[in-house]
Amino acid sequence: MTVHHFAPKHYYTAIGLYDPALTIDPGDTVITTTVDAHGRDASAQQITPSGNPMTGPFYVRGAEPGDTLVVRIDAITPNRSYGWSGTMLAANVVDPSYVPKLPWPEPGTRRLGDWHVDAVAGTATLTAPESALGRLALPIRPMIGCFGVAAAEGQAISTATSAEHGGNMDYRGFVAGVTVYFPVFAPGALFFLGDGHALQGAGEIAGTGIEISCTMQFTVDVQKGRRIGWPRGETADTIFTVGNARPLDQALQHATTEMVRWLQTEYGWDPIGAQTLMGQVVEYEVGNVFDPAFTMVCKMEKRWLGSREQ
Amino acid sequence: MTVHHFAPKHYYTAIGLYDPALTIDPGDTVITTTVDAHGRDASAQQITPSGNPMTGPFYVRGAEPGDTLVVRIDAITPNRSYGWSGTMLAANVVDPSYVPKLPWPEPGTRRLGDWHVDAVAGTATLTAPESALGRLALPIRPMIGCFGVAAAEGQAISTATSAEHGGNMDYRGFVAGVTVYFPVFAPGALFFLGDGHALQGAGEIAGTGIEISCTMQFTVDVQKGRRIGWPRGETADTIFTVGNARPLDQALQHATTEMVRWLQTEYGWDPIGAQTLMGQVVEYEVGNVFDPAFTMVCKMEKRWLGSREQ
Amino acid sequence: MTVHHFAPKHYYTAIGLYDPALTIDPGDTVITTTVDAHGRDASAQQITPSGNPMTGPFYVRGAEPGDTLVVRIDAITPNRSYGWSGTMLAANVVDPSYVPKLPWPEPGTRRLGDWHVDAVAGTATLTAPESALGRLALPIRPMIGCFGVAAAEGQAISTATSAEHGGNMDYRGFVAGVTVYFPVFAPGALFFLGDGHALQGAGEIAGTGIEISCTMQFTVDVQKGRRIGWPRGETADTIFTVGNARPLDQALQHATTEMVRWLQTEYGWDPIGAQTLMGQVVEYEVGNVFDPAFTMVCKMEKRWLGSREQ
Amino acid sequence: MTVHHFAPKHYYTAIGLYDPALTIDPGDTVITTTVDAHGRDASAQQITPSGNPMTGPFYVRGAEPGDTLVVRIDAITPNRSYGWSGTMLAANVVDPSYVPKLPWPEPGTRRLGDWHVDAVAGTATLTAPESALGRLALPIRPMIGCFGVAAAEGQAISTATSAEHGGNMDYRGFVAGVTVYFPVFAPGALFFLGDGHALQGAGEIAGTGIEISCTMQFTVDVQKGRRIGWPRGETADTIFTVGNARPLDQALQHATTEMVRWLQTEYGWDPIGAQTLMGQVVEYEVGNVFDPAFTMVCKMEKRWLGSREQ
């Protein structure tokens, strides 16, 4: 039950079998920092190349392939006031014929929005581009854009994308208080995290959230022999499953299949019961529709999961 | 501002240029009944062939191509206690390799769930198949599965599917209190409605909601010269747009494009402002992922729409 | 075995239950004309509204739902020298990020290519836009872009799209000499045809072929009680099946499923044998990836179909 | 212009930044062997774990990121007589509702077809499962299922899938005589190859070709400063581009975009000319629709590429 204060020295833009940055035990808590998607730290200095650089990997003692790594997100706190975001919808989220009507920046330039993030007040205020929008102020909801564990077969998977191992899911539901489950593919699991967003709409349709460096705190555990297929999660009131793939239809298939497996293997439902229930109460949330793999979340309220015993 | 009590005599399983069943004026309210998806009425008697039979069409005086038809859903009340639902996930919503593991009924049979719906208490209780599930009771949330207007160019579009004209969208957000906007393609708009569900999860992933005949009340209006591309809707707190297509990615493109157009043409946003905002606050809901065309809803809270004036 | 010379008086931009233009018998041959996709005839005069206007419908005596209509394409001959085509790739066939780089014409204009078609010499020569391309000359291969039969349940399906009934498949393999099979959904089948192309690449990726009015000759037959799911076809050396849907993956699923059914129900293959063979010899051709429904063709050489008897 | 006879000692199931197995020069030829997809060699002994094990990597002197690696496939010769294949269509290539009708083997078993491959006679004969199919004999057409170069950013990409770097494309057109171009992402390019198929139908719809170990010969070259986006290829009569993604629509977008870039940047076409031509003459071939990323090939005959100078 140690609390580790970990200052990262190296960052990775792929999730793979890299040397552990810190070895921890089940039950341990880690407090660390993450740079933003461009590799900029709490001083807004770029200290590592761009592309969702990850803090980690954290080697969790006892985690073996076939187990489940539990990661409780304890806290996500922006550690600077400067955030930035995209200012144009991604070309792939609008009708192809509408793409030329998007507000493309001049060729060779990239136009970002600047946000002043007040983590104490809990607000993000757009400060540029200057426009009638100058006063746009939104409540923040800090989340983790990219986190996960080393994948199977020695793969090193770019932090641009996501798969069974997690990765760049950009799901706005990965906020403090949520418990996330990852399938373990490598000894020690090798957990990475980064890409904090002060706020993000569903789908990450402008290509970014409000990107920002953060202080993050998480607590790990290992569930021996619990074999899951895709990342799963749990809040006070809900359980959810995550599918990562293109197209969105396939991401939804993965999430839905993972949910029906969950209900049947761990909640004791028979197939007909589980599926009858799911048909009437399931919800879906779009993680991202921007990254190479899209993310779809299948969610259920816990209050129905014991329905059969009522 | 007349209130019409309309008893349908004929039902349609395609939405097209059929003779008006009733001619009404903007501002008028209609109270009518709908049969369930199998064509069964308040007595559970099958009075018309199966396949989402529609009540209507209602000819709205003054509606012309290029206008928008406004339909406020005033009330949706199940008018019998018997509801039915699918009891197995649709083959297309799970991983292809999982399809054989679904609880397929015996060849040639179809296994439905029977529900006792108490519209006053607001509950649906599963009465069959007999199982540990016998006591499954859920709060109802009556919605319209299929409604819309005659499409362009003389098409008669099956009520199995959906498109720009609306149709079988199976979106659980089409509940009483919502105002829906349809693009008008034919003189009088020719509005149809039916396919009531006492309850339905997102995606209609078991292939049905809790299907039931209903009494429905709606009020129409016409917005002259307001040209929209896809169905839109409005609740007390939100606005939303609806895209209908396969795959889900394309449905999302339609809904997102319709939303950005809406913000820019009717809410006064400039493109960069609208898209910066959408990127951080938009939400998506899955209508259905079962019908020939899938339905994706793009939703925003109204409180942000005037953000720029703060 | 009558040969009918039919001069169309009316054209349809939806395929549905319209009054027969001509009633014919199995074995009969029809020689008729088709206008181009814009409704222009052999004199290049627009005589009917744009949108793939169809000649027909032809009512085939004895055809009933559950039968198969056989259409042998005897001849497709451009009946004028003026053809036109798109000059830019469709926005949906390139990467979304490439869409702004396409050679978009000035807003409000449409830029077509003009072709001089010499049906005797068998060539199409680009005459405009003027450019280094002025001398581009290609051998023609006349094909039918859109043909099919009335669909089920009283639908009237736009000739912009395609489905089980055929329609706007834009498959370059529908040339003279090919025999096509359509499932019959309505008494008399109600066969329509039109949208001739002097030439077209796979996918119809510029949005058109070389569009032209034609004289077409076809011969019909009816196969009683042969129930097929999707259009099928046959050349001297091959059999093929056609799937129409979005995305292309689903069109491919339909075509592949129809082929495996065909091998098993009509060629006497057992499932393992049929599927082992298909895995090693099947070919796919893209019909169109431009219309609302895409078209994928699954093709096999006939020489393998009796392989098991060798 | 050295000819290297290389006997692999180690195999990789991911394509990444591994230590070079052999360093070669532009112009050099390599003759080597590949194991089959299960890791079995010329003696049918499993000598390395299953999963498309790769021979290599070959470090090509002078190749740097931003260059193009040229690989001419000189020869692919099965080096044993035993081949194996799938005997059931992949679940994802048929309609979801058809999946339960596939000939699933008993749970826990995998049913492969055995083929006797005679590389001299050029035939593959199915020897099991025993059935009326016993005599199925097909002409072989040896191809490379998986080959490519190290990807960008230190990724190690599973040989189950494919991307810009090539990989498991399973395109039946990768036969002897074809020249393939790969974008270089890492110093030395780091070229891998393996997964030979004696034969394979389009789409690899049974999940495999006729899998076999091979002797392969190839010759490399480096094109300095030629920056391409996706694998390209060339035969005596055609050029082609390869897109790897899901869904098939996106793979087609990549291939089409790469082709239009090619025509414009290297063949001197203007955008309108290139796209007008492509619309009428392009062909598509399906590589695979089975792997995590699908493969679509866009192909043009060389005779049209100089059309404008006629």
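Labels for the chains are A, B, C and D, by order of writing; each one numbers its residues from 1.
Criterion: a contact is a pair of C-beta atoms (placed from the backbone, for glycine too) under 8 Å apart; a residue touches a chain by one contact, two chains touch by 3 or more.
The structure presented is a predicted model; accordingly, all values stated were derived computationally and were not measured.
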item: Between A-D and C-D, the pair with more C-beta contacts; value: C-D
item: Angle (degrees, nearest 5) of the CA superposition of chain B onto chain C; value: 180
item: Inter-chain centre distance, chain A versus chain D - centres from mean C-alpha coordinates, in Å; value: 34
item: Residues within chain D bordering two or more other chains; value: 92, 96, 102, 246-247
item: Contacting residues of chain A [partner chain B, same complex]; value: 85-89, 92-96, 98, 101-103, 111, 113, 124, 126, 129, 131-133, 135-138, 199-210, 246-249, 252-254, 256-257, 260, 270-273, 275-286, 289, 294, 304, 307-310
item: Chain A residues within the chain D interface of the complex; value: 13-14, 16, 51, 152-158, 245-247, 250
item: Chain D residues within the chain B interface of the complex; value: 90-92, 96-97, 99-100, 102, 104, 247
